[in-house]
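Right, one structure below, let's go through it.
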Amino acid sequence: AHFSSSSIMAKSKFEYVRNFETDDTCLRNCYIVVRLDGRNFHKFAEQHNFTKPNDNRALSLMTRSAQSVMEELDDIVIAYGQSDEYSFVFKRSTNWFKRRASKLMTHVASQFSSSYVFYWREYFGEQKLLYPPGFDGRVVLYPSNHNLRDYLSWRQADCHINNLYNTVFWTLVQRGGLSTSQAEDRLKGTLAADKNEILFSEFNINYNNESPLHRKGTTLVWEKTDESTTKKIKLPQEEEKEITVTRTRKKIAALTCDIIGDEFWEEHPDILENDS
Amino acid sequence: AHFSSSSIMAKSKFEYVRNFETDDTCLRNCYIVVRLDGRNFHKFAEQHNFTKPNDNRALSLMTRSAQSVMEELDDIVIAYGQSDEYSFVFKRSTNWFKRRASKLMTHVASQFSSSYVFYWREYFGEQKLLYPPGFDGRVVLYPSNHNLRDYLSWRQADCHINNLYNTVFWTLVQRGGLSTSQAEDRLKGTLAADKNEILFSEFNINYNNESPLHRKGTTLVWEKTDESTTKKIKLPQEEEKEITVTRTRKKIAALTCDIIGDEFWEEHPDILENDS
Amino acid sequence: AHFSSSSIMAKSKFEYVRNFETDDTCLRNCYIVVRLDGRNFHKFAEQHNFTKPNDNRALSLMTRSAQSVMEELDDIVIAYGQSDEYSFVFKRSTNWFKRRASKLMTHVASQFSSSYVFYWREYFGEQKLLYPPGFDGRVVLYPSNHNLRDYLSWRQADCHINNLYNTVFWTLVQRGGLSTSQAEDRLKGTLAADKNEILFSEFNINYNNESPLHRKGTTLVWEKTDESTTKKIKLPQEEEKEITVTRTRKKIAALTCDIIGDEFWEEHPDILENDS
Amino acid sequence: AHFSSSSIMAKSKFEYVRNFETDDTCLRNCYIVVRLDGRNFHKFAEQHNFTKPNDNRALSLMTRSAQSVMEELDDIVIAYGQSDEYSFVFKRSTNWFKRRASKLMTHVASQFSSSYVFYWREYFGEQKLLYPPGFDGRVVLYPSNHNLRDYLSWRQADCHINNLYNTVFWTLVQRGGLSTSQAEDRLKGTLAADKNEILFSEFNINYNNESPLHRKGTTLVWEKTDESTTKKIKLPQEEEKEITVTRTRKKIAALTCDIIGDEFWEEHPDILENDS
């Protein structure tokens, strides 16, 4: 009892340590981007027998986890993912968690990671998850629509370059019978055109017909849909009537389209806020 | 093919967006503390029928997840948890991830969250996890041993105050038959001594005999243990011999002791580095 | 000699302290504003007998010092001053001092302060400067043209509000014979319209005819002027000729116009860079 | 009048721009060091005919300006200067300007710069200051006494190394008749011992007897002195008496001693606060 009675006093004596926290509010009127990257995912992919060059189960699980992030956290207007990374864009004027960088990035990292384990079975079925995976995150600010689009273009161009390389590399190995180091040598110094040529002339593959999921990555956006339901109602002293109720709902759509050109942005005018 | 050949050029055109990343290196020679807090855990606890005032399965799962963090991430020298929060202390001189705050806190948040889901079944058995939970994190720096100890003392004092309150509150409700609002009224304005008195005189409970896990929270530290194994070896032209091999291994120990006083720190002299 | 020979070694032993410096690079594609404020200028004004409500010598000296800042430091595109404060706007894409906030603000504060003392005599003649004055500074980033214009509008609106108040206050005191506390009472709760009315009906002053320097503050911009000089040249075997050489030079212009409305910005299209 | 009446409204419409200011509070329980460096002082020295290798007038003016900083700004416990730089150390527990880095560094830069011009004539007499000089500044935090001492040792070791070089270099030029490029060649690759040897054997100079001001730089500390004054007092119905009144005053002392070793710190135990 003696100790206890002084415990509130004791706590208040220590409470000064709170003042060591620093403010990391994000500059206003900027897009806040949180990007996650898988930790040691090369090894993770091997240990879980991911197919090469792309494992659709793994990509779908990434996207399922990203959807969970968008549904749980406020104000994410677009997300883009490829390979073992995902970027989340908070709207320019968001005031979620008072724009504190640490809160935003840890929340995203946490929700994504718990979702990855939670939904694993939906995509990998009986194949066991061997250990809890990790993702790291960072926050980057973009002051203009132009900068934000260039950021997303950068990630999609990265997806393209990596996927083209990986597609040729694994085709040479899996269908061409080369060892991995032979395939590496073969591709050293080749340009994109050379790689397309190898695919086409040696394996009759037109890269542009490959899966857009692999070539373009996944873009998550909010889409409004009208949902109509019919209800039967009966008012007193009247006949029963059927009426149709239409509600607008927001749903996440997963797209595999180009987001570098203008078309996507013209079709989704609500993602960007004006530069003002 | 045309598009592809220009893709590397395209990517390099966008790559300037990298320069918008800012450096968030933590000041050197300071302890780096990452604290996680459960998001909406009040609701989470209700939806998963946590027992009141403490659910040992939930506390154990928190500690299991914290252990996973300590094992996976480098340079954490001590961790302290209570309720739905856990603090991780990186050693003063750590250079893990170049001391970048965002990397440190997102890695901790991610590893903890994926572990929480991964190990759920070990503690909750057949009771289903209904949705992936979230945790937010922050980084705080402490420049001296004194400051760090005060930080940990602050959290343990907080544990004590909350647990005493919750213990009396739920005893009044569960055994005293009060409604929750009656119990709240009853406790309004009471000091620690009053609460101890209620427990003792009305319910014959000596608070100091309550579970140390609940009163003190959990402290995780690295402990060295000597592991001896015997091997039979047989050298050529000699008889078979048995020899004993002793290896020193680091293992995480979960303690429920006081960490405010000096005793704990004298017994664990390796946690703190000198103030120099 | 013994000590000396080890001095480079000694220095390198200490050099690790450099790593404690932190990076404070300003986010790219934002306007960087440095605002200076006089330290204890109320007292400074009294000790140097500044006239009330405005001292033209003091205002001119502020502007002379601001000009010195613009001439010495790179990439300042506009400056705005009133009373004892001055704001300097670095161009959006500046890379001066690698956009390091500390360098930018200390350079501005330093150059302004040394200039203030250096040019004092030009404006105050035989009246002695009693002690070296101080100015503090801060850096603020603005991500869009709109935000930057609102910042400058905010400062000019502040100038207007203060100057209207001060004009009425000191007119009541100097010409109306009120004590300072009587004047304060008289103005308590009055709106701008009331203050205009007092000036007009009691003192026959139309506020809008007051000096624009006092009502609008001073805006410094770069202006291009063509300077023509005539030179006599004589080529071999020819007569001497007079030729006119025209050079475009950048010069600072001090304006006292409105910068809230669009007109100023339409007339000076080079100050802002596109929001891209 | 119409415009005026809406001006407060107008101002409040713009006032949101305040929220773009970011918090740059310095971590608590750390020493805050502000270091100033002359801008283009090589050129400044030439234009003002500074004597080589050291100009005592210039060094004294630097120190006079630093004294002005210490007298005007609160909580600076020690300052160290050499060549065209000066470091100011705020006490570990200072709360001056709420520890805001921008305020601390701009105030120091401003006060130093205005003082430099203000006191110029005291040291350079009739030699005119040609233009207002500039200094840039930075803030660095040190979490322990050990780190702070290493910082100051680093600066004093730097002073030593530079001064030894400059002393030999200018002796070779001024007394040895070498050109500056010959002197440079001569010194390429020499160690401290070699430089001492050149001075001693060729010019009969014992470097250790050179001016401590040049070898050690200047350290400013607060010193307490007892000032005694005698006053005659006469109480009613008594004889006149003489009494002695002793007052303790703080005064700045300028030292040219070693601050790398322990002796200085043992003699000035009040500068450092305990590592706690």
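The letters A, B, C and D name the chains in turn, as written, and every chain counts its residues from 1.
The definition used in the following text is that a residue touches a chain if its C-beta (ideal position, glycine included) is under 8 Å from a C-beta of that chain, and two chains touch if they have at least 3 such contacts.
All values derive from a computational prediction rather than experimental measurement.
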Chains in simultaneous contact with chain C and chain D: A, B
Most distant chain from chain C, judged by the mean position of its C-alpha atoms: B
Higher-contact pair (C-beta pairs counted), A-D versus A-C: A-C
Copy pair chain A, chain B: interface residue numbering same or different (half cut): same
Distance from chain D to chain A - Cα centre to Cα centre, in angstrom: 53
Length of the line joining the C-alpha centres of chain A and chain B, rounded to whole Å: 28
Interchain centroid distance [CA atoms averaged], chain A/chain C, Å: 46
Residue numbers of chain D (touch at least two other chains): 20, 22, 27-29, 141, 147
Residues on chain C engaged by chain D in the complex (per definition of touch): 1, 4-8, 10-11, 13-18, 20-22, 24, 36, 39, 68, 72, 97, 101-103, 105-107, 109-119, 129, 131-142, 147, 150-151, 153-154, 157-158, 160-161, 164, 191-193, 195-197, 207-208, 260
Residues on chain A engaged by chain D in the complex (per definition of touch): 19-20, 22-23, 25, 27-29
Residues of chain D that touch chain B when the two form their complex: 27-30, 141, 143-147, 275-276
